[in-house]
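The following blocks contain the structures, represented as structure tokens.
Both complexes shown next keep chain A, but they swap its partner, so chain B is in the first and chain C is in the second.
The block that comes next holds the complex of A and B.
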């Protein structure tokens, strides 16, 4: 896998935000700032964002991916049915990432990851993920999209 | 004044003035009708219950007594999604953790007044056999059922509900028998909401404070407390203390006499001790200036509120050292975390272990104080020089009314906090750690800081940039967010290893 150029990344629109009743904005803001600096087109929804608002923003901006953050433990409830809502809204192929402290308490990451991929997220990121890891995965997942236009 | 039955209480002019009792009665009736359990609230019955409790289960008395005896009490956080889980947790924290104050954290749906969602969370938790909520849904259970929690422990209990919308939860909590309640208008609205105005948040907490004062009228002194930890991310002492002063003045305006001030630890021994001392000194200074001569303002110190390391051993150091910082700093209580912090909500056992580590550290701190240390005095002076011009400006912007001044000051960025999710804060102020580990302001945004003060801050942070050979820019602020969560190989490697 080769990293995408900033020019290639500029054609990729990402929606970021913190889902549900969660106010933990710091990591999400740092992630959004870093992704923007790396060249991606970022739509930031900030803290306390209902699932519907992610989807609405994705439609309005013709986004390629939605990056959902959750730090407060209730992400498991907030993210239920997220993929179905996307499909209902006509976003069948949109890439979905989720990351943070996704469940209540310290649980085995493999189980948590499976729980979220079963829900329809393409990737789940464990607590403490740093921004370069996210950039690398985005570059991988969008290779085919940009290869035609590169 | 005559009753005004037509009045929508939220339409009363916004100010720091005490809410008139007739208006407050209308507000309460409307508030309590919002969820069925509101009908269970009976302030006469609740006051009688509070008075029937032994003194050591009443936080108002406990905080005063601890202050008089020079103690540093321990208190964790903790909340689970069902009554049964919550009861087990509180008993564990009381007994295994030897907590001096036992908490009930509410879940985030409750905090945001999404009681239907909270009801779903209770059902899902019961089905799953584990908590699907990050706290106890107090409003759904109501005061009668929740009182079982007070009866299950032998310590005073406090409600922890990080929200700008505490109006129904506080009614339920006080009626259930909780004698402490954390939260305030400026601090929580600027740190826990996105689209709620600061004015509305302050109004909501004026309700809570007015209710606490109403309990005083019934002979029950409750402990109210201000969450100066704010966004929990590198809050320089001066900013925390400004919010302590503002929220304390607002509470005093409603008649509160027992008002705790919270400060998140910077994790620097000298800076934290200076912050603890100056929070009380400066808050008292402004309370006196505004004519409030009998408000008790003990300080609570909070274990590190920023990002935690993933290594449990490293976490244990932050926990124990946090006990040391609180006790040597002279805090009346310390709010604890655990080695599970990086992963979210701890198990009851891990939470209890965090309490015991802290307790041992408090014991070892004895009566050691830093008062004569020149560096401590320098920091105290610096905090005073940072706080006074801004606080004076805030009061001036409200023509002496702290509520109005605060709204204007937030709009203008005169009052600002770092990393705020709120659309009503400029959030331009940017903290960073300096060469010696103190939290400084890399950028004070639009806060009218004295130029000498900012020169000092810049000089210290610039020294760090030079030392680490990085540029003097916002990356320093971002690096400071992560610093204490980095692994030891990065923070302090073996210095003489061959490459």
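The block that comes next holds the complex of A and C.
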């Protein structure tokens, strides 16, 4: 895989935010700023964002991906049905990422990851993920979109 | 040397109303009124009104300005179309209302053939087409433009959506003979509101096209310009009064409540940022100059609904009238929609109606806070504008201008500890615009702002208790 150029990344719109009754904004803000610096077009929704607001923002901005953060252990509940809501809103092909402290207590990451990919997320990221890892995955996932339009 | 004077004309749906104003002294010289003759020949009503004015003030001076507004033939009827209901569709609605329009319909998401046919059948004066942030969704606005073109929409269209699609849409509509104009996007970026360019475009269409379409330009030799729809004049007046000029200080953030026969309008000229620290703002930011129109809170058209909403018993207790008196009055009003109160009973009835209309309209206009529980404790989230710190409320409209209890009615707009989540003004000065001066201030705002402010300060009063003569300042019909 080759990394995308900043110019290529500018055609990719990402919606970011912290889902549910979660006020932990810092990690999400760092991620958003880093992705913006890497050239992506970012729409930030901030903390305390209901699931439907991610979807409304994605519709209006014709977003390519939604990056959901959850830090307070309730992510599994908040994210339930997220993919279905996207399909319902006509966003069938939108790329969905989720990351943070997704569950309470010590649970094997592989199990957690499967739980979220089963829910329809394309990728799930464990606690401690570095921003370059997210950039790399985005570059991989949008390789075809960019080569199709470049 | 004679004083500079201005003639202000309102082409209303019932009357053609005139006021002559002494700009140097900032006072009303006189008023005149004629019938509304927009449907036949607008000059007939205007000449009758000029004759009436001449009778009132002796002879007509040579006016320095002759400015008009119009609410004739149903006002400026608009339909808005956007994408997401809470986002670009809401931004389009706010832009249209801010432009003084009478919003007859509002759509979101993709239009169906039936929707498009319905829009054409409603025959709006202007359609405002929004949808998508710049660089965002193009599909829906293109789709909607095509549906409207297929349905043979003929009215002027202001396109204020995704700029990547606007040019194509404008060209396609223009090719079909539609007056399609591009304004900047009402929502250029997610949750960034920019309604002023759309408002300006709507006003241009109004001046260039609607005035002609409604036959008002037939009387063109008798005035300089029709500047705006009548409701816009009130908003422009409120803006000037709030901001002032370099020479005359403004009043700062303010709210205007206009209680009319068909609607109750609220205008706020205020940022509306949280007054308390640590409050999170949520949802679409609202315009600095925001107008809301409550079509279910008209003093005459909705009297029965208002009584039913309050509940007959409570209405009876508040007004001191018994059920049969209330019923009789409702029937009287329904038979005579222009009726003015002329007994103690009627005044008390109107005061009760108006207090409710003011309270309800202000509550809908103002923002609210909600406490959300998070893992880190409760968080206060604000939706809409925080108007708690607004220092001035100006009331206008017949029941406030000529009624017995303007203060009591206006007080219904204030912050209420039982509804502390509603961010209404806490300790404002209550003022009454008896002479409908705000309307005049708005018309004069561009041409003679200082004279307009002098006029406002002479005619908008605080703590008005005594009733004044009604020779001047009839309420233009909105």
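As a convention for this text, the second predicted complex is superposed on the first by the 150 of 150 C-alpha atoms of A that agree within 3 Å, B and C clash if a C-alpha of one lies under 4 Å from a C-alpha of the other, contacts with A are read in each partner's own complex, and residues count from 1 in each chain.
In this text, contacts are C-beta pairs under 8 Å (C-beta built on N, C-alpha and C of every residue); 3 or more make two chains touch, one makes a residue touch a chain.
None of these values were measured; they are calculated from a predicted model.
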Which of chain B and chain C A:48 touches, first, second, both or neither: both
Which superposed partner A:128 touches (first chain B, second chain C, both, neither): first
Which of chain B and chain C A:95 touches, first, second, both or neither: neither
First, second, both or neither for A:29, with chain B first and chain C second: first
Touched partner set for A:72, first chain B, second chain C, both or neither: both
First (chain B), second (chain C), both or neither touched by A:21: both
Residues of chain A touched, compared between chain B and chain C (which is higher): B
Set of chain A residues, in rising order, touched by both chain B and chain C: 21-23, 47-48, 72-74
Parts of chain A lying in touch with chain B, wherever the complex brings them together: 18, 20-23, 25-27, 29-30, 33, 46-48, 71-74, 76-77, 101, 103-106, 127-128
Chain B residues touching chain A - in the complex, by the definition given at the top: 107-109, 111-112, 114, 117, 120-121, 124, 130-134, 162, 191-195, 231, 233, 307, 310, 340, 342-347, 350, 419-421, 478, 481, 485
Footprint of chain C on chain A - complex, ascending: 13, 21-24, 41, 43, 47-48, 56-57, 59-63, 72-74
Residue ranges of chain C in contact with chain A within the complex: 83-84, 86-88, 132-133, 135-139, 187, 189-191, 280, 282, 372-376, 379, 381
